[in-house]
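Shared between the two complexes below is chain A, which pairs with chain B and chain C, respectively.
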Partner chain A sequence: MAAIYSLYIINKSGGLIYYKDYGSAGRMDTNDSLRVASLWHSMHAISQQLSPVSGCLGIELLQADTFDLHCFQSLTGTKFFVVCEPGAQHMENLLKFVYELYTDYVLKNPFYEMEMPIRCELFDINLTQAVQKDRVAFLGR
Partner chain B sequence: MARVAPRTGDAIFANVERVNAELFTLTYGAVVRQLLTDLEEVEEVNKQLDQMGYNIGIRLIDEFLAKSNVSRCNDFRETTDVIAKVGFKMFLGVTASVTNWDADGTCCSIVLEDNPLVDFVELPDNCQGLYYCNILSGVIRGALDMVSMKTEVTWLRDVLRGDDVFELQVKLLKHVPEEYPYKDDE
Partner chain C sequence: MIGVGKMKQYGNVLDKPLNKGKQEVSLSAFAFLFSELVQYNQTQVDNIGELERRLEDAGYAVGARVLELLCHRDKGNRRETRLLGILSFVHSTVWKVLFGKVADSLEKGTEHEDEYMISEKELLVNKFISIPKDMGTFNCGAFVAGIVRGVLDGAGFPAVVTAHFVPMEGQQRPRTTILIKFAEEVLRREARLG
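Up next is the complex of A and B:
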């Protein structure tokens, strides 16, 4: 699981509803993860406004020296993003798959309230499986 | 990255998990029956079904988007087309058609010839005002609400009331822009 450092889901108003880190690199405490989430939400919104191209849907990939950040925003406004090793492959597929897991195991859970933090065991289990390295490779077929 | 939106929901329908159609029909029947017992007024049941549908719709839309690979629609025409061809197929296993467009393209009818919800249903005399499938109109309203379209969905024709098909009128009231509120006074 070395490739992925952490995964975030933020609701359409910019609140962090899910955060999970994998491995020791890039681990953050609760405050920092909340900060990253709201910062990313704002930057994403600003990038749409600043883009010289019309119809821009916001930042999809941020590349830094020590990490890559891949972001996927659904048409309903929920954002999913992973922080991973520079150059990690198939992250778009992983994010789309996480979106599917979210619809199956979070939204279909009658006890989950929309826009609230996600505490669903089935989602956790399935997500862990998906993030396993071989699974990521498998998704990239 | 231009994705081609699927024109039918056949492929997705084949891939998603399904339940037995009769179980589904009977469960829905049991829900409606229970609502009639609990709420007593047919009007209240209509309202409740619509609300239940709305609550389903606001969650269902994400599953639809995640599994259908539909990209952003260009206009309301395309949206209703996708609902009728892909959405209905994916979740109900039937295909609907879209007709009766008005001149400015904001109001149309979704016509369902086949509807698995009503397979064994006859409306008794004391329930004539009931829109048995009112949950469907709520689902559409809720789903479109989540992708920033305010709509009004009403039944025009209903087989249970003696018409030959089911006809849902979908009216686009407002397109809510997706921009964030930047004004300080909001």
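Up next is the complex of A and C:
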């Protein structure tokens, strides 16, 4: 398995709409994952205000001792972030690819309600394929 | 402006030739439009059978037009009059124009004489659609079933057409089968023609 611990998607108001963990490291229960999601949403907003650079779009990468957190925000305010091993490569590409899958298999699905938790079989299938180790390396080319 | 003077201008839309140019539309645009069609119809019904019927009716209108256009464009204003002829017309000509490829398979039903099946591993309209568990066996392929019914009905082969998911061994996703059950009169006529 790739060095990814978990993947989150949060809607524009900070609600967790998708959570998936990979492997045993950093596993969390539902409450913790919701907490991380809303905490990240606020921190992201605060970082935009605090940044000395004008036009800052918020934190993209948080580096800690035991993990890295990569974040990608789409134009509509949906945030995708992944918690992974320190120093893991190609995460920006992975997040962009997850965004692509989201636009295809979630937004084009007539049974999905905007801003609600994602329950789409095709999204799950394609995401699992994308997160597999060699696939991540492939995306990094 | 590019190509000014080269393109012949037609004052009247009816004077334009019907030959094919590049006919493809954006898959994303289609997917969003189809998604909205399903969502709109969902607000108008209170059960799944009704939704399926409405999608089928929407497809029927497409099928009737497609038959007319293709007979004129590809067949010199002639249409198929035999059962197998019209089936292969749907399976290849119609499918190619609508989905850019021939359907994966066309089979005769094993149990009933009057049943035929067109199967597709990944139907274009279902490409981005995941059916929620509580909707059971609902299939958005009902729209395609409607198209097929429209073509067959217009050509004088009334039939009941339905779309079903068929699970396949070793595959994560079920395939979609369009089941065609011809009316009795069609088979009687076919038998008479020998």
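Everything below uses one rule, namely that the second predicted complex is superposed on the first by the 140 of 141 C-alpha atoms of A that agree within 3 Å, B and C clash if a C-alpha of one lies under 4 Å from a C-alpha of the other, contacts with A are read in each partner's own complex, and residues count from 1 in each chain.
In this section, a residue touches a chain if its C-beta (ideal position, glycine included) is under 8 Å from a C-beta of that chain, and two chains touch if they have at least 3 such contacts.
The model shown is predicted, which means the values in this text are computed figures rather than measured ones.
Of the two partner chains, chain C is the only one that A:119 touches; chain B does not reach it. Once chain A of one complex is fitted onto chain A of the other, the partner contacts of A:78 are limited to chain B, with no touch recorded for chain C.
Applying the stated contact rule after C-alpha superposition, one finds that A:45 touches chain B and leaves chain C untouched.
When the two structures are aligned on the shared chain, A:105 is found in touch with chain C, with no touch to chain B.
Using the contact criterion defined above for the overlaid structures, shared-chain residue A:32 touches neither chain B nor chain C, since it reaches no partner. When both complexes are overlaid on chain A, the residue A:96 reaches chain B alone and has no touch with chain C. The interface of chain A with chain B overlaps its interface with chain C at residues 104, 108.
Of all the residues in chain C, the ones that touch chain A in their complex are 28, 31-32, 34-39, 42, 128-132, 135, 140, 172-173.
Remark: chain B residues 58-63, 65-67, 72, 146-147, 178, 180 touch chain A in the complex.
Against chain C, in their complex, chain A makes its touches with residues 104-105, 108-111, 119-123, 125.
For chain A in complex with chain B, the residues that touch the partner chain are 45, 74-78, 96, 99-100, 102-104, 107-108, 114.
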